[in-house]
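Below is one structure. I have some questions about it.
Letters A, B, C and D name the chains as they come in the text, with residue numbers starting at 1 for each one.
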Amino acid sequence: MSVTAVKESSMVNTASTNGQMPRYEMHGKKATRFGFGEGLVVLGERYDNVVALGGDITGSVMTSYFKEKFPDRFFSMGITEATATLVATGLALSGHIPFFATYGAFASCRNTDMIRISMAYNDANVKIGGGHAGISVGEDGATHQALEEIAIIRVMPNMTLVVPCDFNEAKKATIAVGEYYGPCYIRFGRSDVPSFTHEDTPFEIGKAQTFKDGNDAAVIACGPMVWEALVAAYELEAEGINVRVLNMATIKPLDRAAIVKAASECGAIVTAEEHQITAGLGGAVAEVLAQEHPAPVEFIGVKDTFGGSGKPDELMEFFGLTSKDVKAAVKRAIARKR
Amino acid sequence: MSVTAVKESSMVNTASTNGQMPRYEMHGKKATRFGFGEGLVVLGERYDNVVALGGDITGSVMTSYFKEKFPDRFFSMGITEATATLVATGLALSGHIPFFATYGAFASCRNTDMIRISMAYNDANVKIGGGHAGISVGEDGATHQALEEIAIIRVMPNMTLVVPCDFNEAKKATIAVGEYYGPCYIRFGRSDVPSFTHEDTPFEIGKAQTFKDGNDAAVIACGPMVWEALVAAYELEAEGINVRVLNMATIKPLDRAAIVKAASECGAIVTAEEHQITAGLGGAVAEVLAQEHPAPVEFIGVKDTFGGSGKPDELMEFFGLTSKDVKAAVKRAIARKR
Amino acid sequence: MARLTHKTYPLATGFHGSSRPTPSPELMAKYGYADFKPFSNSADHSDAALLEIAQSIRRDIIRELVEAKSGHSGGPLGSADIFATLYFGGFMRYDVNNPWWEGRDRFVLSAGHMCPVLYATLANAGFFPKSELLTLRKFNSRLQGHPGRDMGLPGIESSTGSLGQGLGIAVGMALADKLVDKNDRRVFSLTGDGEISEGEIWEAAMIAAHWELDNLCMIVDRNNCQIDGRTEDVMKLNPVGDKFKAFNFHVIECNGNSIAELRHAFAEAREVKGRPTCIVAETYMGRGVSFMEDDYRWHGKPPTPEQAEVALTELV
Amino acid sequence: MARLTHKTYPLATGFHGSSRPTPSPELMAKYGYADFKPFSNSADHSDAALLEIAQSIRRDIIRELVEAKSGHSGGPLGSADIFATLYFGGFMRYDVNNPWWEGRDRFVLSAGHMCPVLYATLANAGFFPKSELLTLRKFNSRLQGHPGRDMGLPGIESSTGSLGQGLGIAVGMALADKLVDKNDRRVFSLTGDGEISEGEIWEAAMIAAHWELDNLCMIVDRNNCQIDGRTEDVMKLNPVGDKFKAFNFHVIECNGNSIAELRHAFAEAREVKGRPTCIVAETYMGRGVSFMEDDYRWHGKPPTPEQAEVALTELV
């Protein structure tokens, strides 16, 4: 199917979907880690059994806010990600709600056995915050650019995994994760990214949110890629292509119904994540579709390579993680419709 | 599509595929770990820069064979899975070919950060052997039943992941992995499982092998589930359903062409693995199909729960990992064909 | 301000839809389990009384294992005196009728593979009927091959089985008690000696000392054995006491097969202020069974029925 | 029997299809890099000569960082004397014209974030032109924010950046040299002090001592600082020397900002037989720059252009 053909066929749906949803606009930029930090403070204010553990980078992952406000409920663990996860488990098995945050590379990899056996198999109410997600970390380079957490966390039974899309959602998601029972992982980023959701934008663990309607194709995205998807979708609208944008903030438990609905109503899917293209959100979506509603999917993500140093924007472009890439993927996906 | 309809439509293909391939028969039972142990000895005989590291369970993961034969090239690391992986890296960066084996739960989870940064990012020629794969471990219970390695290893760039199906293949795969450059993980099991491949059965890293032809559906399996798939396929043949069986011994790099071919020629796929149903072989197959050839897939695997103690057979049945389950899944998959 | 609580004990989920295994009446009769009366927990027990309990635990370990046909004999037998002293000598507060009682002291078995001794101890204390010991490692048993909290067995505070993790969990519990809830509960944790080659043991030790968790008492079962051989051959651990001293623990070295020495050790640990305690308990693997004693090959093997019979006659 | 070898050095893959960044001629002129002559590596250097090299390294660290606009100042400046002594005092064998020479001694920077000092050291030795220092942390630079072996920078033996890993790699290298290849190469590794709270450090230490790797010399940069504050506040590490002694290391405690003491330490380490050596080098974070010295807030910050100018005038 040529691009022209795409345009024509997509015209059919334009009227029915246009203008039904509020258009998201960027209102400033702020890293999602600040939402995590603020959300944790809200939890600290609400519940006196919320505690936090530090991994020597409290000022980077913003547990510093909690530490300042609730010094009696903050405990430094030094640089011991594996054991900090265990200490958190001990706190959880004592009825507390411990948050331990560090860079995602270490929050998901240095302690994987601890997440599996002590946290998940125990069904312990531990909350892990993984910061510095994705290659938008920038100059620190590959070792610090966590691109594997979605695969590692979602394969673990009992785990809940949330990847908020902007500052506001990160704050809401952190609070929700704190109030939810069970072992949870929340993923957030270092660099400033567009803020576009509002205090009243709905967020619920386990529910995808439709951020833009459309039936020509659907982009299922998480984290800051949701904004890139929206930009792509708005631009494509001008070309007469109506793209649905789903914010899949919860990777586990996955909103399977929303994915199947998107595939059956749109017939073509694009997934977008700041993560390896392997076994991540794209993989999760592909699994659901293979089981319930086969459909063409184009994957946006890092193509099975490590990151590297550079400016965040430079890297996002080099690794193909911009709205431009989403746009091209949407066209490829539509061209694959039958 | 009803089962009757399935039978009728599948009849069409019977003639063209029947009898073209040798029928695999069980010739005894032997755990794949013994193949790993023997393969490692062959490597030791061939190359004097092959060395092995022990993790205090050499008699369980059969590095004991190498230790006995080449005591000067075997080094005990105590119980330090994370650092054993690092020591292996140092050996690899010195031009050696180190094998470190322990239970898969610890070979992939206790050292995940080390696999990611020291082994994979370094592109170091380290070989990890992960034993006690799957719930067929039996009585030791959930902590020791590794069900997450495929997801964890395949998300890492540069890694090669091999999951042999029986004793003979485990031996061949171990030798191949030793002679192949790059960071590799080989997964093998504790309990005796049917031996059915032969010395001359082809094995190549990165290539799927067709173990049975058929065009009504294809089962893509790895590890001991390949045998379950064959049993299911032979039984279904008697019912007039011709099932292709692919032995996907290499999960990474994945033989994408074989998967696409299976989907386009059979139209319905079943994946079977002794692994979580999430992000494993099923996920890998679903990713390829979503990108290249959408098709219905039924997943056989552990359904996102932890294992537990019991006899291996009892557990395989409870967790739905028998030929009976594969058979039912094939019928479901065919029923979903359009 | 509120406390957000979710009911978490007991989980007891197990294998959904499957029933628990039950031993046959014949088996129960064979071992005389039907009319067993649990032992009490009291500082008044004589050393001889505690030794008797230790031997009862040992006999139950043999019975568990011979019925399970797989599992770990050596470490459990070697550490039975530690468990008898800790659970029955008045050093740990617990209520078998209310196993999740908020005021209880807690025990985390870091060396999860040694669970047969913990299960036997709990049964001897009356946490659950002894008959259940005969379901060890069977499908859907609450007595998993390695402790599984999902099974909800009273007295099991945490799943363990991956070496080096339980101590960190115990540190978290001790931190919760001392610094968050500010109560006087105590936390105990036992590690194998091979286990202390895991780096997380040293991370946990550093954290416990940093936070001055004097309500934490860890015990190292120093039996000089692990799976592949003698510990000093597999991975040199000595000097164990000096290591924990350098990590700012109060260290007590004692004969871990002597009830009298263990009593002193636990009593001393209770008085220590400002730092956690590590009891390095020198034991013999397989203690009490002549053909198992001090032999690392018994780390992870059950006795045959014939061996079990001999063992039971020795363990009186 | 054969040796199976695959060409592995240099990798130099980088970002496929992208060109390397190059600093402008103006910048090179500003720092006088064009006519720099590398320093030699020799036991004959006086202490004063080595100190001069250390200061040259320090100036280059400032230049790297001010151009990169991000990165770590404190640790690199504090440890420059260690690098100057090790690389230029005749303690390490290497050939800048044949960086992957089989006979070379090796250095693994376990504290990967401290790479600006390693890069500056390598440039001062002539492994690559100084101009490349000005590409630190830029897109597709061989000078990654944390060492990346994929970039193929001469002198970088391993990717590092996840704390606690480099030492284990160094142990593997030392094991390869001493016990497999049976040659006389030596391996050095530097860790931060905060870094030693990672358990893998203690696993690696245990393994090194078990295998009596006297060809391994580790250095702890004991600056008492880490990101969140003073080490003893973030996680108590003292007594550091006793810890390594209990882990069977030969321990040398010295002033890590004294060339004379460092020389003695490295010379002593070379003579030790039967056990690995740990040099606990007491340093000041940010050493040499008045407004950075002993201040943990300079762990991971670059100087502003104004601060850099002041720093460069102080570092003469």
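Here, a contact is a pair of C-beta atoms (placed from the backbone, for glycine too) under 8 Å apart; a residue touches a chain by one contact, two chains touch by 3 or more.
Quantities reported herein were computed from a predicted structural model and do not represent experimental measurements.
Set against the C-alpha centre of chain A, every other chain centre is closer than that of C. More C-beta pairs touch across one of B-D and A-D than the other; that pair is B-D. Chain A and chain C have Cα centroids lying 41 Å from one another.
Here the CA centre of chain A is 36 Å from the CA centre of chain D. If each chain is reduced to the centroid of its CA atoms, chain C and chain D end up 45 Å from each other. Counting only residues that touch two or more partner chains, chain B has 76-78, 80, 82-83, 105-106, 110, 113, 116-117, 121, 142-143, 306.
Shared contact sites, meaning residues of chain C that touch two or more other chains, fall at 148, 150, 159-162, 197-200, 203, 206-207, 210, 235.
If you draw each protein chain as a dot and join the dots that touch, every dot ends up joined to every other dot. The residues of chain C lying in touch with chain B in their complex are 14-15, 18, 68, 70-71, 112, 137-141, 144-146, 148, 150, 159-164, 194-195, 197-199, 226-228, 233-235. Looking at the complex, you find that chain A touches chain D at residues 54, 56-60, 76-80, 82-83, 105-106, 110, 138-144, 306, 308-311, 314-315, 318.
Across the complex, chain C meets chain D through its residues 197-203, 206-207, 209-210, 235-237, 239, 242-243, 245-248.
Chain contact summary for the complex, chain A toward chain C: residues 45-51, 73, 75-78, 80, 82-83, 85-98, 113-114, 116-118, 121-123, 125, 178-179, 181. Against chain B, the residues of chain D that register as touching in their complex are 1-6, 8, 11, 108, 148-150, 157-162, 165, 167-177, 179-181, 199-200, 203-204, 206-207, 210-211.
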